[in-house]
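Got a structure here, written out as structure tokens. Questions coming.
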Amino acid sequence: MDKWIIENKIKDKLKLRNPILIEGLPGIGNVGKIAVDFLIDQLEHKVMCTIYSKSFPHSVFVNDNNVVEMPSVTLYAIKLKDRDLIVLSGDVQPVDEESSYEFSNLIVDFAHKHGCKEVITLGGIGLGTEPSNPKVFGVANSEDALQKFAKLTNRVNFNKIKADAILGATGLILGLSKFKDMKGVSLLVETFGHQFHIGLKESKALLKALKDILGIEVKLSELDKEIKREEKEKVKTIEDQKKVLSKTVKRMYNKSSDTSYIG
Amino acid sequence: MDKWIIENKIKDKLKLRNPILIEGLPGIGNVGKIAVDFLIDQLEHKVMCTIYSKSFPHSVFVNDNNVVEMPSVTLYAIKLKDRDLIVLSGDVQPVDEESSYEFSNLIVDFAHKHGCKEVITLGGIGLGTEPSNPKVFGVANSEDALQKFAKLTNRVNFNKIKADAILGATGLILGLSKFKDMKGVSLLVETFGHQFHIGLKESKALLKALKDILGIEVKLSELDKEIKREEKEKVKTIEDQKKVLSKTVKRMYNKSSDTSYIG
Amino acid sequence: MDKWIIENKIKDKLKLRNPILIEGLPGIGNVGKIAVDFLIDQLEHKVMCTIYSKSFPHSVFVNDNNVVEMPSVTLYAIKLKDRDLIVLSGDVQPVDEESSYEFSNLIVDFAHKHGCKEVITLGGIGLGTEPSNPKVFGVANSEDALQKFAKLTNRVNFNKIKADAILGATGLILGLSKFKDMKGVSLLVETFGHQFHIGLKESKALLKALKDILGIEVKLSELDKEIKREEKEKVKTIEDQKKVLSKTVKRMYNKSSDTSYIG
Amino acid sequence: MDKWIIENKIKDKLKLRNPILIEGLPGIGNVGKIAVDFLIDQLEHKVMCTIYSKSFPHSVFVNDNNVVEMPSVTLYAIKLKDRDLIVLSGDVQPVDEESSYEFSNLIVDFAHKHGCKEVITLGGIGLGTEPSNPKVFGVANSEDALQKFAKLTNRVNFNKIKADAILGATGLILGLSKFKDMKGVSLLVETFGHQFHIGLKESKALLKALKDILGIEVKLSELDKEIKREEKEKVKTIEDQKKVLSKTVKRMYNKSSDTSYIG
């Protein structure tokens, strides 16, 4: 069985305009995932390909219709006004460190083959509590990249970061893209460092920064509604909360609420 | 040493009538295993092949005659009145996640090559205590499959399931069979989530559902005897309990009663 | 780097007379290791080959002369009166389960290529305390093998064993040898289930059984001396104890007394 | 993605004079790393090559300029008066045992190809507390090597070592170099066995021994300043401490002071 199974959804290769890769996989606070899933929900998009792998968790998800889905990640093409995005979204990351490298390399190769010269990865900085006013920090894969992106927004602090390492795809995609002469940054927002935390406010901070950097025209009001709801009624049923959010964020809620174990 | 060693037990390939793959490997409550082992015990069967693997636990079992057996799984052909079953039974699953994928893929390939268009996997939903009246839930690998199987029995709740993921072969065989256009379901029964729990009542619930779905003519009285015995005399000796059950379930009892460590 | 590096110590292949493979690698109580190392110490032997592997622990041993040694196992040829032995001795087993399979298979292949039709593996049954009168149990890889070996000694109980699985090379070498039509047994002695326990009395029980089965002419008096010394003076210095035992058993004593960590 | 990515920094192969390989990777107390990084800081050096690997930790480091760096190790050539050094320095070791073997073998091969006939690896012996007067011990890969190096310095105790195994590259590079007929020693200094301990005094002890053995002309005063500062003001800010030390040691300080988690 091949280690990486790539299911192409498009016959001919898309012609993308100055594309930039945006990565938003599950991680601390799931902030990157919520941010990109929101963009996919709100903007017109095409599925480029879906990737399955035996290095993903050896389980299947059960969706709302009681139908199972294999763990996967998907690359989407999104048209902005003046340029295009290649957005990486998914439910999983590889389970072992070596596969994390291979996966990140595969993604960077894909982006490079489709003409990407830039990349933005999204992640969370895990704190002990939920921040009331989450700050966004930035790191880059070169001095040039740092200066280039720092000019585009004042919502990101590119000057000083507390911690020393970025784990998984968020870090490796940024690091490996340097080898392909891509300029890249990681936008990292403070969040609550718990496995199933869903950082809605933190994702909103990331989206605001992305709006500056990429000139994305998207309203954050849907996300605002959800954030207000969370703040007001901490005891509100999971059912009501689910109605607004996209399928994958719903899955996030499910994971955090129930831990029955099936096998 | 090859990773998968397949010992074919039949010279020529069997001609099977509209075969359906039934998976019953060790898992939570061992409910699937007990169910398929009971079918193999009660119905006429042929051994198709036995699979050994270096991805199985690195130990040998000691049977009742003090003779060792390599960890393995076996595929059996069982003739029902109008169709045939390919039943997967065994003592182990692969020890690592990547091998779990490879193994599940190998099984789906085997079933597909032998003409299977349908699959049923069996598993347990681990609860904190032993359920007095275990319910059976169902998930499928497509909407079509869900509707098709839901019509065949009212003993399975296909509408709502509490947890979000199915681990190991029970989940992956169902998920991967979709890629081969096979329609499949997983029947999951509530059980006590302890490693060596032997869910006899829960297995009976699975078997009742299977009888509906497949029209299997098999008496569950042997299993009833054992269940009654368990309920009455919780302190009954392991020896007496062993007499009724098949070899592999006996092994289950042995594992749960004695944990001396040999190496 | 090759996974298995085999350093042949003999130019031409030895002609062995009805050879039998005896395995004595580190395990519970290290009983098998002490037994075979004692035989190698006491009997004339030739080194057949030494095996290194990147699946062994990623460390080097420091011997008494402050010189480092790579982890390895060695196969020795020992001439008895009427037949020959191939003895497997070493300091390590592979660190992961898949490599344990590959290693055991490599050893069985080697034995088979050199004409072995029989095999004896040695191991310990881990108890919670040190047994004053350790019993030896036996399991086999077939009914024929069981009966054959049971006739050769009354020091081994081949009828009933408490536990259900034998881990590592001791189990897998026995199991895999069946595929090469070799008749084999595992002699398993009760011992104290602690990682650095050195089971001298238990090894003596194994050696007595081996003497019966193989007709080995070897005095156990050296081992007796050491056992008496241990019983009398539990506070005797490590230094004195070391004098009698072979190099590898000395290493056992070192491991159990000092756990400074170097890297 | 290749497992080992070697980025050659020099066009033509260097002609080195009787080179000796010096290994100083992160380990207990990080004593070897601090020692070699100090030599690289103080002496003229050329970068030979940098090695990346998917067996290294799956994360990127963030340097002082908020720019990310892939985990790597680097081989440097340093000219002494009469001979040359090949110095191995880096931030990481492979994450799994098998890769530790492959990596060590790769390094030994590299050194051998460049004419090295000798090797010195550097490591720490982990104690429960910080030693006030750290002693240096030595082990070798042969009796000849032991005698040869013992003559060159009286700062190393080559006679007796407390512990039995050397883990990771420090041990394996020494052990594997024997297969290439290289004479080698490991200099091991007592240090505090804590993951983020930075053993400055202990590194100084190693450097003094290296000065004897190799005749290196280097002043240890910079290191002395830092040691004095540490002793005097245990509460001194991390910022001030950072000013003197090289970039990689700074990273050590960062790791030990802040454990926010990013991904």
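Per-chain residue numbering starts at 1, and chain names A, B, C and D are given in the order in which the chains are listed.
Assume a residue touches a chain if its C-beta (ideal position, glycine included) is under 8 Å from a C-beta of that chain, and two chains touch if they have at least 3 such contacts.
Since this is a predicted model, take the numbers as computed values, not measurements.
Common neighbours of chain C and chain D under the contact rule above are absent. Comparing the residue numbers each copy contributes, chain A and chain D share less than half of them at their mutual interface. Annotation, chain A versus chain C: rotation angle of 180 degrees from the Cα superposition, expressed as a multiple of 5.
Mean C-alpha positions place chain B and chain D at a centre distance of 53 Å. Look at where the CA atoms of chain A average out and do the same for chain B: the two points lie 38 Å apart.
Taken as a graph of touching chains, this assembly forms a single closed ring in which every chain touches exactly two others.
Interfaces, counted as pairs of touching chains, are A-B, A-D, B-C, C-D.
Of all residues in chain C, those touching chain B in their complex are 27-28, 97-98, 100-102, 105-106, 123-127, 138-143, 146, 158-168, 170-172, 174-176, 178, 186, 188, 193.
In the complex of the two chains, the chain D residues touching chain A come out as 1, 3, 54-55, 57-62, 65-70, 95-96, 251, 254-255, 258-263.
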